[in-house]
Every structure is written in C-alpha cells, then in structure tokens.
Amino acid sequence: MTIDITAKIGSIKLRTPVIAASGVWPYSPEFWSGERLEGLGALCTKAISLAPRRGNRGIRLWETPSGVLNSIGLQNVGAKKFVEDYSALVKNCPVPVIANIVMESEADTQETLRVLEDVEGLAAAELNISCPNVDGDGMSWGLSCDSTAKATAAARKAWRAPLWVKMTPQAADPAAVARAAEAEGADAIVCANTWLGMAIDMCSGRPAFGRAVAGLSGPAVFPLALRVVWQVAGAVGIPVVGCGGVTTASDCAGMMLAGASAVEVGSAFFGDIGAGRAICGGLPEFIGRYGKERLTEIVGLARIER
Amino acid sequence: MTIDITAKIGSIKLRTPVIAASGVWPYSPEFWSGERLEGLGALCTKAISLAPRRGNRGIRLWETPSGVLNSIGLQNVGAKKFVEDYSALVKNCPVPVIANIVMESEADTQETLRVLEDVEGLAAAELNISCPNVDGDGMSWGLSCDSTAKATAAARKAWRAPLWVKMTPQAADPAAVARAAEAEGADAIVCANTWLGMAIDMCSGRPAFGRAVAGLSGPAVFPLALRVVWQVAGAVGIPVVGCGGVTTASDCAGMMLAGASAVEVGSAFFGDIGAGRAICGGLPEFIGRYGKERLTEIVGLARIER
Amino acid sequence: MAECGCAPHAVDDYILPVTENIKLADRIFWMTFAAPELARRAKAGNGVMVYASQGSDPMLGRPFAVADAESGKISICYMIIGRGTELLSKVQPGASLRVRGLIGAAYPDSAKELLLAAGGVGVGAVMLKKKERAKSASLYVGMPGRGCEALADKILSIHPDAKIYTDDGSFGEGNSMFNVLPRPLGEGRQLWCCGPPGFLDAMRLYYERTPRQLYYIIDKRMACGFGGCMGCVVETANGPKRVCVDGAMFRADEVDLHDD
Amino acid sequence: MAECGCAPHAVDDYILPVTENIKLADRIFWMTFAAPELARRAKAGNGVMVYASQGSDPMLGRPFAVADAESGKISICYMIIGRGTELLSKVQPGASLRVRGLIGAAYPDSAKELLLAAGGVGVGAVMLKKKERAKSASLYVGMPGRGCEALADKILSIHPDAKIYTDDGSFGEGNSMFNVLPRPLGEGRQLWCCGPPGFLDAMRLYYERTPRQLYYIIDKRMACGFGGCMGCVVETANGPKRVCVDGAMFRADEVDLHDD
C-alpha cells in the first residue's frame, strides 16, 4: 500500500506537508531547485517590507536549551528589489512559494502586496502580524482581535490570491484572534510565530539583545505551539498551518492530528539541512498506524474520541 | 573576599536565593533537614487546597525537548490533614517554608489560610492563581487583572503573614496582572508557574493527557520566564521571585540581574538532586564578575545602562 | 554530584563509569556500572534512573531495575523503547553516565516460597530477589526465542536454575511458562511478576482465584524518582501510591493497572 | 544525512567518525575526522559546524575553521569556551559526530605575497592557506607560552617554517610578532589575521596606515551556516554581509568589527 503524503491548504496543493518557514531559507539558486527541496511542499520567503530594512544591530542569535532566540529584525531588500532580484527564482521554483509580508501601516502593506501582485509563482501571501523583533509594527498587530481584523482586512483588499495570517503566540486568546482573521477573509491561519523570550549576556550582565526581548523557536516551543494549534483548529473553519519546533516526523504528524493541514519548519534546518526529507520519510508509518492511507485523513484525528 | 549570597524577599531573609518550587519536594523527613537542604534558602510546599484532592488520572508526565509537561492536578491531602501530618516537619525545618495555596472559591481559600494560620514555621503563603491542570479554579484566576485583584484581596483578608502571588505566564499582560496583585496587598510576585502546552501520544493518536493541555516546565521555558521577570520587575515595587527553567548558577544570576530577588527551582531537581548546592556554588563568581560583594547588589543590575 | 558517593541517602546522584554495554538480543542490552556504594546498598526492589544525555534533551532519567549487584558493580537489563534507550545502547564502555539511585522500596517479602515470573527485560526486576532467596525462589523467564540466546545465557550464568521459555520453542523448557506455573499457588506461596502489560494481564487471568498471592512489579513514567513530583502515582486500595518510593511492587487485587 | 557524503553541494550534513581528539594546551584541542569528501573539497577559508550533542541541547552547530585537510581527513583546532566545546573535548575517538560543511567562502586571494598572523586557536583559520601558498606565505602565531609546547609542535609538524611567539618568551622566536611584522607592508603584500578581538585591534593599530592590505578573519554566532537565517551578518562598506557564506574574511577598512 502506498501512502499519499500530499497536503492541501484550501486551494493550494502541496506535494508534502512540510513548508520551509519564513526566515531560514536562503535566496540562493542551489536552495531553490533540485535536491535541496526534497521533502519540501512549499517555501516561505524571508519577510518582505515595502522599503528595505537593515535589520537589528548587535547580537542576533542566542542559543537556549533546545531553542534559539533570534532578533534579526526583518532584514530584507524591500518589495521592489525583491521583485527585481528574486522573481526568476520564484518563477522557476518547483514548489509553491509563499511571500511573507511584514504588516506595516495599512497603506504600506497594501502597497507591498501590489508590488508583488505580478510575481509569477507566488502561491499565497503570509501576513506577518507576529514578528517580535521590531517596534511599532509586526507583533503589535497580532495581539488583539481588533488589530488583527484591521490588518487582515487591509491585506485582503490588496491581494486576490490566498491570504494566510501568521499569528503571534503572545495573543491573549489565540482562538479569538484566529476567528477575527477568518472573519476578515483570511484563507488560512499559521500558528505560530516565535515566542517572546529574553537572554542576558552573563559577561556584560546586560540583555544580550539590543531590544532586550527576542523570539524563541526550536524544539523547546513545540509543546506550546501544538497547544495553540489545538486551540485554533477547534475555533476556525479555515485550514491551520502548525509552526513551532517541528523537527521530526512525529512532530509533524502530531501537529496534523491536532488539526493542522500542514506544518512550517524553521529551526530544524539548523540541525539538519535535509529536515524536510527526514520528516517526510517518517510520515507513512504514522499514517498507517492509524489505519489511514492519506495524510489528509489524519488531519484533526486526535480531536475525535475513539 | 567572601561573597554574601543571602537573599531577601521583603521581610523574609533567606540564606540563599534558591527556593524549592511547589510540587517537587517530597514530604519526607530526610528532605526536610540536613544535607538535602544544602544550598536551599526556602521550601515551597505542594499545593494545599481546603479539601483533599486526588489529582488527575492517567498519564501525569510527558517529556519534551529540555522540558517536561505535567498534569498532576493538585493532588494533596487537604489543609486539615496537612496541619496534622506535616506541622512537625514545617516547624523543625531549618529554612523558611512557604505554603502554596490553591486559589479555589474566595471563601474556601480564606478557610484554607485560616486552617494554616497557626502552623509554626510557615513564613509566607504563595497564592497559586496559575495552575493549568484543573478546571474552574487555579489558572483561570490569574488570567485577568480583575480576577487577580479579587483573588489577592480575598487571601489578603485571611492571612497576616507575607503573601506571595504566583502568576501564570498565560496572562495576556503580565505586568498589569502583577500590578493588580500589588495593589491588593501582595508582598511579592512569583513569575511564573508552568506554560500551557500539550502532547499527543503517537501510539494512540490522541492527546496524552486526559485534559489535553498540561503545564510545561524545565530549561526549555527559561528564556520565556526570564522575559516575564523582566517585564514584571519593571512594573511593580514589591519583590519578584523568578521561576521557570532555572537550572544553573548562570540562570539564577540571570534572573536576578533581570530584577528577581530570588528564584524558585523545580524541574532542575529531576536532573540533579543537589541542584540547590550546585547553583549556590556558582553564584559568587557571577557576583564578583560585576564588581559586587553581595548577591542583593546584583538584583536588577541588567536594567541599568552602564 | 558524588563521584564515588558516600552519602547514606536512599536516593542520590552519581556519575558512574560504564564498564560493559552488551547486546543480548534484538533491542535488549545489559549495562554494567562501577558503583561500589550502590552495589553494597542495592536490595531486590531497587532501581536506578539513568540519564541518556549530558544536556537537557532528553532531560529525565530513565528508570531501570537493578538486575544484578556484585563486586562493586551494578547492572541493568534494558530494552530499546525510544530515544533515551536508543542513546544508551550507543554508549561505549569507558564513558561515564549520570545515575540516580536507589529508587524503589526493597520488596516487602513475607512469603515462605516465591515464584518469580518475568516477560523479556522484566527479568531485571526479579533477578536480585532470586539471588537473595536462592533455593526458596524459582525464576521463570519468557522470551521470543531465536536471537535471545545471549539473554538466556546471561540469566543462566547468574541463576543456573532459572527456567527459560521461548515463544518459538527454539530453546528452553518449552514455549510457555503458563503450562507449568502451579495453580492454585497454595498456602505461603506468592508469585511476583514483571513484564509487558499483556504479560501481567495474562497472570491476572491465570491467578484469578488467588489475587492476594499475586504481585505486580510495575512501570510508570517518572520525573523525580524521590517521591516529590507525584508523577508516578498509581491508584490502589490504600489510596494513591508513588511507584518510585512506595512501589514498584503492588498486590494484584489492590492496584489499578489500567488507570491510564 | 549523508554517511559518506557524495553530494556536490557547498554545504551538506555528515556523520563523521572522530579519529583523534588530543589536548595541545590548556583548553586547546585538535580534533580530526575521517571525511574523504570534505577533505577533497576543503579550501582555505572553509569551516565546518560541529554538533556537540545527539539531541537538541545544545542544538546549534559550533563553527570552526578547517585547520588541515589531508589524506581523507579534516582537522579543527579548538578552544574550550563554553558548553559546546566542553562537550567536544570529552569525545572519544571512535565516536561519530554530526558535522555541517563546508561553510565560509574560499578566501579571495590576489596578493603576491601573504603574511598570515594568528593569535591562539585563530591559527586554524590560516593554516590551510599556508599550505596552499607554501613559500609565498609566512605564518606568524602567537600563544601564551609554557604549556603550549604541543600546540607549537603540531603547527610546526605541518608548517616547519611557521614562526611562533610566546607571551612569556619560554620558546619560539621571541615574545611578540609585533616586533618583527614588516611595516609598511609594501606593494603586493597582504596581511590576514585571525584571533581574539584584542589581537585584531592590535593589528588594526599596527597597520593603521595601510588598512586596505589588512584582512580580518572573523567570528559571528551562527545558526544555519548556509546563508538563510541572517544571524551572522556584519556591517560592511558594501552592505550587510553574512560571515557564513560571504566571509569569514573581510578587509579591515570595509568591515565594522564593533557592531555588537
């Protein structure tokens, strides 16, 4: 019996449920074709803002037990240069590409989306209302239902293709925030971005990061992200994408049992450049274990009393 | 130069800043005297409720990367039997003992506190408005400022000795919740209890825990708890006790640099029964590194631009 | 942590050199530690928690019964179940591991005669008792068969009168101990058993009439091993009990095995 | 992950047997891996990330320069700094470690003559260049002195004409390379240096007049090592650059060393 591991996020079909999360995949041709993409169903771009951003100064990474704090600060070349420099990469990419969009002001975000409108191969926009590493925009949009609704509505007006909203786990009530995004036309919810953490540099006795706080990712946050997926998948009708600490086939299958239609994988690539392939290799066993033949049949299965 | 590692939480003096967190220290005489207490400044009891509680059925522990999920469910013998069985232990304990009190209804909680009033050696009550493993009471009290204020006020009325409030990191605005507790007369804030997580048992394909969610502790949560300490210590005037993942002297000193007056240590004992001694052994080096001679002088030092 | 360990405590932490880590059957290993103090203190019923990493992933100790304690060494017999035991199986002799012990209460033993029955690696939990009792205890061990020769040899090298049963009948005294275990047990006799859930269930059925003479040695996930975390609690007729300090042995008619 | 590694990629993941892990001085070690493919591919400028645990604590690879590549083996020269390197120092030959490589761009090299100057373990970052250049590069290495004899011997065994300087003057050519490094450097010559921040600062001062001929080989915390995470970025006159794929060598007048 062959087991089908293709996934579906609304109208988007993926050859596997493993999506490279925003901020870990380089824009180098070697990574956008061939063997490097084995096991991956889609790629998220690094965050894209209207104007270029240099990102944060000073220390940007800090390792923690089973995790890593980052404070990159949305370094990117800006929407126009993205189109110039990377349109060809996106167009030729054998898997769908998702544009991760910084939620700035409503007007700027709409402008970014319009700039990207004609890039061939962009399957969806992922609205990043959840970056903890910048002031003013980013995460502050995703903390409340009201601002999430506003952000989603603004993006929706400027973007016809599928719109995903990437939540922050710092939202007080993740289910309510997800419903707010759904109500304003989001096509999928990504749960979630990084967890607000902090480190102190014990040499200087001062916060390691210039902004003091930073975003935690990696295996450490998996049980927390799984809980958010569980809460959100029970609250919305649109697909949910699990994200946070997914490292193994078991993690991926676990997220899907909890209700996710696919997963995004970030930090796992820090330990295994072939994490996508490794995860997919292990999926059939889990699907078979529950008597199913298709990955899509295990979505939400843990929610059903058996 | 000898370095002084005594700590102070309001009027309570501790020989070291390391407090055994609630729920990990057994009520056995061997652990309440002598060598087992080396390095410890105080002990928190397991949660105490008015009536006995049997705790949760089924799986109660689940290991995660650098962490452990627990769903014990406040198993305890109840306040009256606590007094009967353990008063002698508490009285003879060479370090101060903190009674961890389940926040139930206001009347029940006040009754619990009254039952404990005359136990000799109880230095403080720690109001647990943050247990994620029971329905109705526990964590639900600690999520909002209003209910935190109500809970604190009720306990304050029934308890003359120092009152600590143990926060949940699930509170949307930890600083505001801490201020609400302070306003109602809390003498210290403990940041924080466990983080709401979840696990799926991949054999059954169902949630591992009967209540689906459970509380995450251990090194995995350290960067998150440190951030909460940082936020809360900047918001209140009363002492803050750091709690979450503290395992090494560096963790302990880091929490204190961020503004904590002491730390509670739980899961670290799972890996090292002498964690208290190990942590204290490493503290002098950190204190000396910042040119200080007393542990109390490094409290909040990371908050000061130098 | 004590390098040598001189504290008189029931439970303490040690860093112990691994002197042997050999494969006895598919996924089954025998690991020996140089541990003079633990070897002296270990009684039947005791176990140790072995930490499979230097860091915190995985962070909890894995509990195992002390299968043998002899000349300053203790041994465990373990099966690869998941990540922790997988890592343990790769440890080279010469390396040192963190070990917590002793956990578990020495078995309360009032029987005139003992039958010790084990399924697979469950044998580790009854071997020390066999040693303490010598002739007044008999040891029955079931295992799959082909591929388990080294496991059987190891058991027989320590307990030459152990009776081995193999599912495939490839060696030993037959293919099931259930054909030979005396029933009824009779006055003054007890049967203690340790093994996978199916094995314990089979015992319960087999001795349905005399559950007061049947004892289970059971497994529960553990975090502390010293009675503090309440993670390893089982429901019993005498209230909730902690496997790590009140167990790991419980009378069949008093414990709820299917609490999970 | 490739056991042997046959992919033609710049960066790939390997599981490599450790063939040697010897102490050369206080806190300084030399570790060699059997790595036929990496040994063939490694150029001066390349490094590897070595993972110090099987699990995720610690989870990130530790970056080190490839100090030597010879007969199917690669070596790193590393110093114990924190937890990761502490764990590495305890690895026994025979064990296998996860390794990511190759990171770092091969050094762009247009100089007629090269001076390679290293402080302590920084020597690892320039030794392969010395090998590639042989006589047209000279290697200067500073180290504390007493206790570092084995380190000096290791360097001299590979590069017999290396010049060693010791702070305590206990052996080598003197107690500071700054007394002998030619200044000004002169047309067609470059000096590449690698070492602790104080060492690079001293070089900057020493060659204040000719910063265009001075190159730093620098360290930055890394997560991915393949140019994706933007964690290792340094500010340069040509915009932000990633140490892991655009570096690790930067011209002194173009890079901001004190970005942190």
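Going by the order they are written in, the chains are A, B, C and D; count residues from 1 in each one.
Here, a residue touches a chain if its C-beta (ideal position, glycine included) is under 8 Å from a C-beta of that chain, and two chains touch if they have at least 3 such contacts.
Heads up on the chains, UniProt names are A, B = Dihydroorotate dehydrogenase; C, D = FAD-binding FR-type domain-containing protein.
Computed from a predicted model, the values in this text were never measured in an experiment.
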In terms of CA centroids, furthest away from chain B sits chain D
Comparing A-C with B-C, the one with more C-beta contacts is B-C
Distance between chain centroids, defined by C-alpha means - chain B, chain D (Å): 46
Would you kindly tell me how far, in whole Å, the mean C-alpha position of chain C lies from that of chain B? 35
Chain A to chain B, mean C-alpha position gap in Å, rounds to 34
Residues of chain C that touch two or more other chains sit at 55-59
Among all residues of chain A, those touching at least two other chains are 62, 65-67, 218-220, 247
For a test of understanding, state which residues of chain D touch chain A in their complex under the given definition. 1, 7, 9-13, 51, 55-61, 98, 100, 221-224, 226-233, 235, 240, 245, 259-260
Chain C partner contacts - residues on chain D that touch it in the complex: 53-59, 83, 87, 92, 94-95
Given the complex with chain B, which residues does chain D contribute to the contact? 55-57
Flag every residue of chain B that touches chain D in the complex, lowest number first. 65-66, 219
Would you mind writing out the residues of chain A in touch with chain B in their complex? 62, 64-67, 69, 143, 171-173, 195-200, 202-203, 205-207, 212-213, 216, 218-224, 226-227, 230, 245, 247, 250, 253-254, 257-258, 286, 289-290, 298, 301-302, 306
